[in-house]
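Below are two complexes that have subunit A in common, paired first with subunit B and then with subunit C.
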Partner chain A sequence: MAEQFVGKSSEFKDGERQIIQIGKREIGVFRHEGEFYAYSNICLHQGGPACEGLTIANVEERLRPDKTSMGLFFSDKDMNFVCPWHGYEYDMKTGEHISDRSQKLRKYQVLTKGDDVYVVA
Partner chain B sequence: MSSPDRSSAKRTAAGAKPVKTASVQTASVKATSIKAAPKASRKPSMTNEPSPQEKADFVKAMSKGIQPNTEAARKVDAKKRAAPEKSGEAETVKILRKIPAPQAVVSTAESDEALRVAAMIESALAAGDLNCLQPHAQQALIGALCRLYAANAEAGNRFPVVSGRTAVTATDVMVMCGALLKAVDLQVFELGMWQSWSNN
Partner chain C sequence: MDLIADRGRRVTVEELNTTQLLRHAKRQADERKFEDVLIVDCDAHHYENENFNQILPYMENEVLKQLAMSARAKQGRGNVMPGGFGYQDMGGRVTRYPLRSTEKVEGTRQRDAQLGDRWMDAMGVDYSCLFPTGMLNVGLHPQKEMEFELCWAYARWVTEQALPDTNGRMYTMISLPFSDPEGCLRMVETFGDRPGVGGFMVTSVREKMAVYDNAYMKVYRAIEERGLTLAFHSGPHWGSHTFQSCNRFLSAHALGFSWFNILHCTNWVVNGMGERFPKMPVLWIEAGLAWVPFLMQRLDHEFMLRPSECPILKKKPSDYMRDMFYSSQPMEIQDMGALETTFRMINAETQLLYASDYPHWDFDLPQTIWDLPFLSEQGKHNILGGTAHKLFKLPPRNEAQKQNLIKHGNYIGA
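Right, the complex of A and B next:
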């Protein structure tokens, strides 16, 4: 596992993504709320480009104190990204599939040294 | 055809050490000096020179290559495990695509006011208060928003009618669309005709 330079932090705006290739591996690097996340760009479902679809807030059901539903709302803090092929949705912070947390994309460590961003792959 | 370097090397291998007569010499001069040197001055090698049998074994082993389950094979495996990336070509990072962030929302005083009203309606709905806006206020808001959205669409400024961050359900949409069509005395059939004729 080597640190691979992927770019400058100052050139990586919040909400931006880069799809990079290191050797034979394709990796999606996200910047979300100032943090960097990197995942394998191969969807667990059928191998689609998992990191290239929509980014969308997590849908959650809000309940009243008596446990009756107030309806479905988009989360203010949890963000997901969606594979554009068949809609497999993954947690931005963990890479886990949101409806089956046992399935998750391969996560790569991202290091920032000064202004430089590295992916350990 | 052998070059001076090769002839020198052969002699060295045979045990004849070249005699250094000057600090700077060309290879051809070295070769000449070896020939000219008397046999007595050629000292036998003091290094651990391998025997002819060992040399022959070495050549055989080299031609065979590394055999499995040998010490050499184990060492090579250990090196590969320690540095798997170095065994092949050096990996390079290639940027395939850059996907920009979604467009930032431009805020205006009027938009902020509208968002405050929307948030107030949402919270009232969540609390079960259906009378937060009286019917005449709802009619004014729906009518104004309908005209504003249509004017934008006609001008080519098209955007999704509801944002991603909404809890509008399919039933809500059908109820609202049906009411809007009824308000202007349109049938679903006419809507379909207009959509197909105007490519909308």
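Right, the complex of A and C next:
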């Protein structure tokens, strides 16, 4: 396992992402709410660039106690990233497909050493 | 460029470059050596409304042309084509929709031809059948005269301006103004022999369409006599009374595509069109495949109980359905066993044609066929291009493709 330098933490703004190449592997590195997350950039569906599309809050349907629907809302806490080819939508914190949690992108460890950010791959 | 995400939050993404967007597809195609396989995409699209300034001047009737061009002018407030509402771009999640206008092309060659080269090269596709997008709703136009004019103008533009700019890599099946049988016949007679025309297409998003009406027999005969294909291209119609209870685009989309092909295929089969025009290939496009086994079983069941209602049939409805052709996209791969059964029921190895539907949101790459674990090598070659080679007479683009066509018994000559 090698450590691949990604960039300076101070230059990696919250909400941004970088795509890095380690050998033949493409890895998407996100910074979200101060934390770093890194996933394979190969979509589980048809192999699209899973990490290069829109980041968008998870959509929830909220129900009242009597089971009537209040409608659709953006989540206050859960963020997703979306493969731009077909819309496969993944949980930012786990890399799981939000409709089928058994489908999961390969996750990589992210290390910070001082101001330097590394992906372990 | 910034895209709008939740609560107005802006997300910066790169401008669209199709080659870059599809670079993973290119890698997959290279790994599978698709260069050696003739791959024909029987259903791809462009956005013809981006070319209306070129298309509308081909309208024949001066009054209708003036109305259409005025509506399209900057100060105009009208619509030329019946609109379909919905969220194909998934709120910008499928980024090539909002970013489409940012993609740069070079020179004066048709933009759609240049974009076509990019995605075909990335996927390993040799030829694509080019269809419009918005015009798939032309069957909802209240004026049959305008429906004819729009179909006519598009047919002239696509055969005279668009296809000649694609270096022979795109062909088409001309959209028929099905509300006007005489107009359909005139279009078959006018465009049927033009280069790049592989057949004719009926947009099947139509609330009232009697494919068995006597008025159409001369149209079918004219298509059959020319050795061309008749296709039915489906689509969604959320505004239909049938789908008024659908409160999600997903529901209207999933059902709409299947429904309109189910409806017209049923009428086609039950009225014995396969007996009347046995030499005319009929192709059902963009409804996926899961609807076909359902309809086969349903029609066979009823046919055995009520044969007196379709005395022209000499075999079961499913047998006529197995004589017809189907495009693969959007192929339902959720249950591999069910898909394998579907392939068996439709004789996929000879009756299925690969389709990408690119650039629409649910496109399929050629490897959706190539990677199927239950499919023979012969079946893969047939579905990806061999069967289309025979139907549309598209020559192989290199010697390896030719040898593969010969090996699998598909080669009909250059």
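Criterion: the second predicted complex is superposed on the first by the 121 of 121 C-alpha atoms of A that agree within 3 Å, B and C clash if a C-alpha of one lies under 4 Å from a C-alpha of the other, contacts with A are read in each partner's own complex, and residues count from 1 in each chain.
Assume a contact is a pair of C-beta atoms (placed from the backbone, for glycine too) under 8 Å apart; a residue touches a chain by one contact, two chains touch by 3 or more.
The structure displayed is predicted, hence computed values, not measured ones.
Novice: Clash or fit: what happens to subunit B and subunit C when subunit A is overlaid?
Specialist: The answer is clash.
Novice: Per the contact definition in the header, classify A:K8: touching subunit B only (first), subunit C only (second), both, or neither.
Specialist: Once the two structures are laid over each other on A, A:K8 reaches no partner at all.
Novice: Who does A:R62 touch here: subunit B (first), subunit C (second), both, or neither?
Specialist: The first partner, subunit B, only.
Novice: In the overlaid three-chain picture, which partner chain does A:I20 touch, first (subunit B) or second (subunit C), both, or neither?
Specialist: First partner only.
Novice: Which of the two partners, first being subunit B and second being subunit C, lies in contact with A:E89: first, second, both, or neither?
Specialist: second
Novice: Quick check for you: in the superposed arrangement, does A:M70 touch first (subunit B), second (subunit C), both or neither?
Specialist: The answer is first: A:M70 touches subunit B but not subunit C.
Novice: Mind telling me which of the two, subunit B or subunit C, contacts the most residues of subunit A?
Specialist: Of subunit B and subunit C, the partner in contact with more residues of subunit A is B.
Novice: If we overlay the two complexes on their shared chain A, which of subunit B and subunit C does A:R101 touch? Say first, second, both or neither.
Specialist: neither
Novice: Is A:G48 touching the first partner subunit B, the second partner subunit C, both, or neither of them?
Specialist: second
Novice: Applying the touch criterion given at the start, work out whether A:K113 contacts subunit B, subunit C, both or neither, answering first, second, both or neither.
Specialist: Neither subunit B nor subunit C is touched by A:K113.
Novice: State the stretch of subunit C that overlaps subunit B in the combined model; pick it from 37-45, 73-81 or 217-225.
Specialist: Answer for the clashing stretch of subunit C: 73-81.
Novice: Jot down the residues of subunit A that show up as touching in both complexes, subunit B in one and subunit C in the other.
Specialist: Of subunit A, residues 15-16, 52, 55-57, 74 contact subunit B in one complex and subunit C in the other.
Novice: Can you list the residues on subunit A that touch subunit C in the complex?
Specialist: Subunit A reaches subunit C through residues 15-16, 42, 46-49, 52-57, 74, 82, 84-87, 89.
Novice: Name, in rising order, each residue of subunit A that touches subunit B in their complex.
Specialist: 2, 4-7, 13-23, 26, 52, 55-57, 62, 70-74, 119, 121
Novice: What residues of subunit C sit close enough to touch subunit A in their complex?
Specialist: Contacts found on subunit C: 3, 5-7, 9, 11-14, 21, 23-25, 28, 90-96, 361-365, 367-368.
Novice: Within the complex, which stretch of subunit B touches subunit A?
Specialist: Spelled out, the residues of subunit B in touch with subunit A are 85, 88, 91-102, 126, 164-167, 169.
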